[in-house]
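Read through the structures below before going on.
There are two complexes below, and they share chain A, which is joined by chain B in the first and by chain C in the second.
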Partner chain A sequence: MDAPLLAIENLRTYFYSRAKRAFIRSVDGVSLGVTRGETLGIVGESGSGKSVTALSAAGLVTAGPGVISGRIHLNSNGASRNLLDGLEKYARVTEQDGRVVAVEKDERGWRRRSETLMAGVRGKEIAMIFQNPRSALNPYSTIGKQLVETIRLHTNLKRESEARERAIHWLDRVRIDSPRLRFDNFPFGMSGGMCQRAMIAMALSAEPSLLIADEPTTGLDATIQSRIVDLLAELKAETGITTLLISHDISVIQRLSDRIAVMYGGTVVETGRAAEVLAPEAKVRHPYTAALLASIPSAETIRRKSYLQAIEGEVLDTIEVPRGCRFYGRCNRVTEAIRENCAGLEPPLGEVAPGHKVRCWLYPSPGKA
Partner chain B sequence: MKLAAIRPVSRALARELAVTALLLLGVSVVVFAILYLAPGDPLNVLLEGQSPRSQLALGMREALGVPQTWYGQYAAWFGKMLQGNFGNSIRTGLPVLPELARVGVYTLTLTLGSLALTLLIAVPIAVHAAAHGGTAGNTAATLAAYVLSAVPVFWFGYIVVYVFIHQFGMFPLISGTAAKQEHAWLYFLVPIFVLGIASGTLSEMIRHLREELSRVLAEDYIRTARAKGAPVWRHAFKEGFLIPVTEIMSAKIPFLLGGAVIVEQVFNWPGMGRMAWQAAQDRDFPVIMGIALVAAAFVRLGNLLQRVVFTAVNPRASRE
Partner chain C sequence: MRRYVQTPGPIGEFSELSLRQRAGPLDLVYVSYGLLVVVVVVASYLLGAFGWLPQDPQAMDVGLINAAPFTSGHPLGTDFLGRDLQARLILGIQAYFLPGLLAITISVVGGSILGVLAGYRGGWFDTIITYFDNLLDSFPRLVLILLVIAAFKADIYYVMVVVGITGMPVIANLIAGKIAFLRQKSFIEAAHALGLPAHTVILKHILWLNCRALLVIQATLGMAEAILVETSLSYLGFGVQEPTPSWGNMVQAGANYFLQGNFWPSTAPALAILATILGFQLLGDGLNNLLEGKRRR
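Coming up: the complex of A and B.
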């Protein structure tokens, strides 16, 4: 197997909360790899750090201090580059007992550096689609113009007329009716679903190596959501594009992902093949993944008219990170045998089966524990 | 596409022109009413010191052909105005319209020049602050601009007169009448500089442009522009720059006209403000009416420009 298209290593993205005078550890040591041609789904509740992971990979984090350490390798066109190259020179992280106590970062300098690193990558190699597509498209420009702009920026079609034809072709591919007419529409005259189709067309029209879909169904009507999921599945089958899919909706992740990563409190708690991690009969499963799965309404629960199972407790605010397992406070599967570990020691991401890793003391990986 | 964009603009233009006509009518009625009700009769001013007897004034009135009733007077003025005749100045006897055109050019130079200067200073500061946040440089510049804006324009004007004209003798005292001299345009710069800096417009312009631009830069669609590798300014230009600039320009024209009255006094600038001042003291009704209408038309022109730009740029406005 060749190198993954995108490899994130030990990424940490922090934000400073003036109100609380503390760092919010949005992403706290995440390592992920997206192999060419696959869809990696990142799932987790709001605040688990999944969107920030994606934004960090695209160099779109604007609040400070932002990305403070890690490496993001992009291997495309036979070249490998680290999108966080030289970050150490801009961010000095002071740690004490493995915890970050102070961050000094030349944010402006890093932003400039990051912009040079991302030039020719953002939009071209890594394209992104967002939630709330109606506000994500420029309201002052027709969708046609916005597509033409992307095409002329990133493909060798530089002539207006050629780019226009290509744009119409892409609008057609995302199943927009009468694309020639829609070309001249402004976003405000279109439905949310239509806008998301246009966003997808715009992202794919640059023929990127990696598509980051950040909550692509959030902010859309329920019926439109499943249409967009269908469309993404079809386009995936047609183009085979490598995708990093982010969603809090585990059913969306389930439908589209080859592999998944479950995030909680800024860390990956479980990762593996989607079929394996989400299989109903799986024996090894992180308690948080189990809780997420239990919160999906199934035909069975609807028939029995039973209540959905909410996850007890609040999402970790990642300001005061506990010494032990981050999920300990909400976990319902702590046994007396491991309680001491759970409360006092953060579990490692242990491999329980080939390619399947779980960060939980219930499943000590062979050789460790 | 292009043609479809012109239609809403011409519709907005037609609507604005109709509003302007109604507004000017309203302005003429109100100004006339105020003049009529205010104490002081132009005839008394004309006859002052010669004959206080009302009999003579009545005779004068008849000789001049002034109607007796207020509505008669207004109707007479309105009828002539429609034919492009704004009457003659009571003081000088010259026709009002050509006089207004003559001094209007000076006032236009002064206000538009100072507007341009204000923009020239405000735009870089506002854009830099919106794009980079509060750095030491732009905070200092903003602070300086705020202090200058808080300075009263007449005071600042006299300070400039004192320093540059009396102390250094760099400029002639009556800058407007120096127009025939060589490098005359240089002398024009002093009053323009004073009005542009100290009219209180500068700080509001910086604030408005900075707030609007930083709001737009935080919009989702700007993140999309960054994500697709497109230049941010290209996407932020319309909502973040063009619209706020025209908004603040049109909103500030009335204040600049007000400031112009003072600056023209200070610098002996032969503009409309000075003429208005003189006319008010003389109860020169035809001139006052003319100036009120021209000033109102000028203000409306600013609004009109703003509406046209907004409609041309904003697709939502054109579908109303």
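Coming up: the complex of A and C.
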């Protein structure tokens, strides 16, 4: 198997919360790989660190102190580069009893270095689409002009007329009706779904290697959501673009992903092929994944009007990281046999089946147990 | 056939009302009057600059001192030396037109730079600009100008540099506020994600596309401010010196004869000041309502 297109290794991104006067470990040691041509879905509750993982990969974390350490390898166009190369020396973290007490970071030096590394990558190799597409477009410019701008920036179509033709081509490809008329529309004259289509066109028009879709359906009407998901699936089939899809909506993840990573408390707790992780009858499953799946209202629960199953407790705030498993406090499957481990030792991400890893003491990885 | 035009609407939300629909009838009156004033001012400036005046502004007609309007040969009358008021009013625009442009250029350019730094970079830039703003607010502008005159010389361009600099914080605050507002919408972040270079985002997407209306409005108001400062200074004798006419020193010169019943030589330039400043202010206000949609419907 060739090297994954994007390999994130041991990424750590922290933020400082003034309200809580503490550091939040938004992403705390995440490792992920996205293979060429596949869609990797990252799922988790709000605050699990999935969006921050994506923003870190695109070099778009603005709040401080931000990305601390890790490696992000991008293998495209026959070249491999680490987007965080040499950045570790700019930040130093002091930890005490599971709390980050101080972070020293030369933010200016870090940013300058990062901008050098990201030059020609952001927008060109890694493109991104966001939630709330209406606000992601400049309200005072037509979508056509904005599309032309990215095309002229990233492709070798520098002439206005050529770029214009290409822009109309892309508007057509994202299934916008009468693209020639829509070209001159302002974002506020279009529906949210239409704006998201325009955003997708802008992201794809640079012909990037990787598309990061950060909650692409959030903030859209339910019917529009499924249309956007359909569009992403169709574009995926047509172009075969590698996608990193982030959503808290398991149904979206399920429809689009080849592989899934489940995140909790800033770490990946389970990863594997989508069919395997989400299979209804799967025997091996992280308790958090199980709880997430159980919380989806099924046709059955709706018919019987029974209560929806929420996950007990609150999301880990990752200020004080427990010594044991991060899900220990909310887990309902702790057995006496493993309680000591769960409370005191962080479980490793163990391989339970080929390509399927679970971070849980219930499933000791073969060979280690 | 009805034609619908899309224009950005009120701050925050974007309506599909056409310009005509959004404008109150008063706004159109304001803007038309303001534009008329601008045209008259620019035309007068050009007439003065090329010397195409109806009369020689320095020629004294000793037989006709303090003449009333509509005297033959002097449609607006004459001053205390018998000089033609119309020609002097037109020439008086020279005193503030270019200096005023200098002042608004300084405040718009400087204010934009500070505003972008405060809004885009934030952090200590924001703090510095707040302190700068407070510092200027705590100081009467006229005193500052008189200080500069005392320290250097009574040159209108020096004065206008001060006016320009003191006008910067207002614009900086407005732009920083606008950027803070735009930040809530994610398009600046999205533009970065699309790989647009920072200068394109700042100059094109923030300043040009989103702040241009605001800057035009502020420039208009700044012009009114500059005229007011120039006339006050000339009136006090610190601005343009006789025999070069400026509206301020014309009011001052005429004022000596005001109580003797010759009210016209000082009233004419005073009315010109009033009409012009009113024009610029109303233009700014009207544009504000039309372009920024501040008026609630």
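Points to keep in mind about this one:
Everything below uses one rule, namely that the second predicted complex is superposed on the first by the 360 of 369 C-alpha atoms of A that agree within 3 Å, B and C clash if a C-alpha of one lies under 4 Å from a C-alpha of the other, contacts with A are read in each partner's own complex, and residues count from 1 in each chain.
Quick note on the criterion: a contact is a pair of C-beta atoms (placed from the backbone, for glycine too) under 8 Å apart; a residue touches a chain by one contact, two chains touch by 3 or more.
Note that the structure is a prediction, hence the values are computed from the model and not measured.
Once the complexes are laid over each other on chain A, chain B and chain C cannot both fit and instead clash. In the superposed model, A:58 makes contact with both chain B and chain C.
Touch criterion met: A:150 reaches chain B and chain C at once. When the shared chain is aligned, chain B and chain C each come close enough to touch A:202. By the document's definition of touching, both partners, chain B and chain C, reach A:130. Within the superposed three-chain model, A:108 lies in touch with chain B and out of touch with chain C [touch as defined at top]. In the superposition on chain A, A:122 makes contact with both chain B and chain C.
Applying the stated contact rule after C-alpha superposition, one finds that A:188 touches each of chain B and chain C. Residue contacts after overlaying the shared chain place A:140 against chain B and chain C alike.
Shared contact residues on chain A (touching chain B in one structure, chain C in the other): 58, 60, 121-124, 127-128, 130, 132, 135-141, 149-150, 153-154, 186, 188-189, 199, 202-203, 206.
Contacts from chain C toward chain A in the complex involve residues 6, 8-9, 13-16, 184-187, 189-196, 200, 205, 209-210. By the touch criterion given at the top, residues 58, 60, 62, 121-124, 127-128, 130, 132, 135-141, 149-150, 153-154, 185-189, 199, 202-203, 206 of chain A touch chain C in their complex. Within the complex, the chain B residues that touch chain A are 1, 132, 219-221, 223-230, 234-235, 238-239, 313-316, 319. Note for the complex: chain A touches chain B at residues 58, 60, 108, 118-124, 127-128, 130, 132, 135-142, 149-150, 153-154, 184, 186, 188-189, 199, 202-203, 206.
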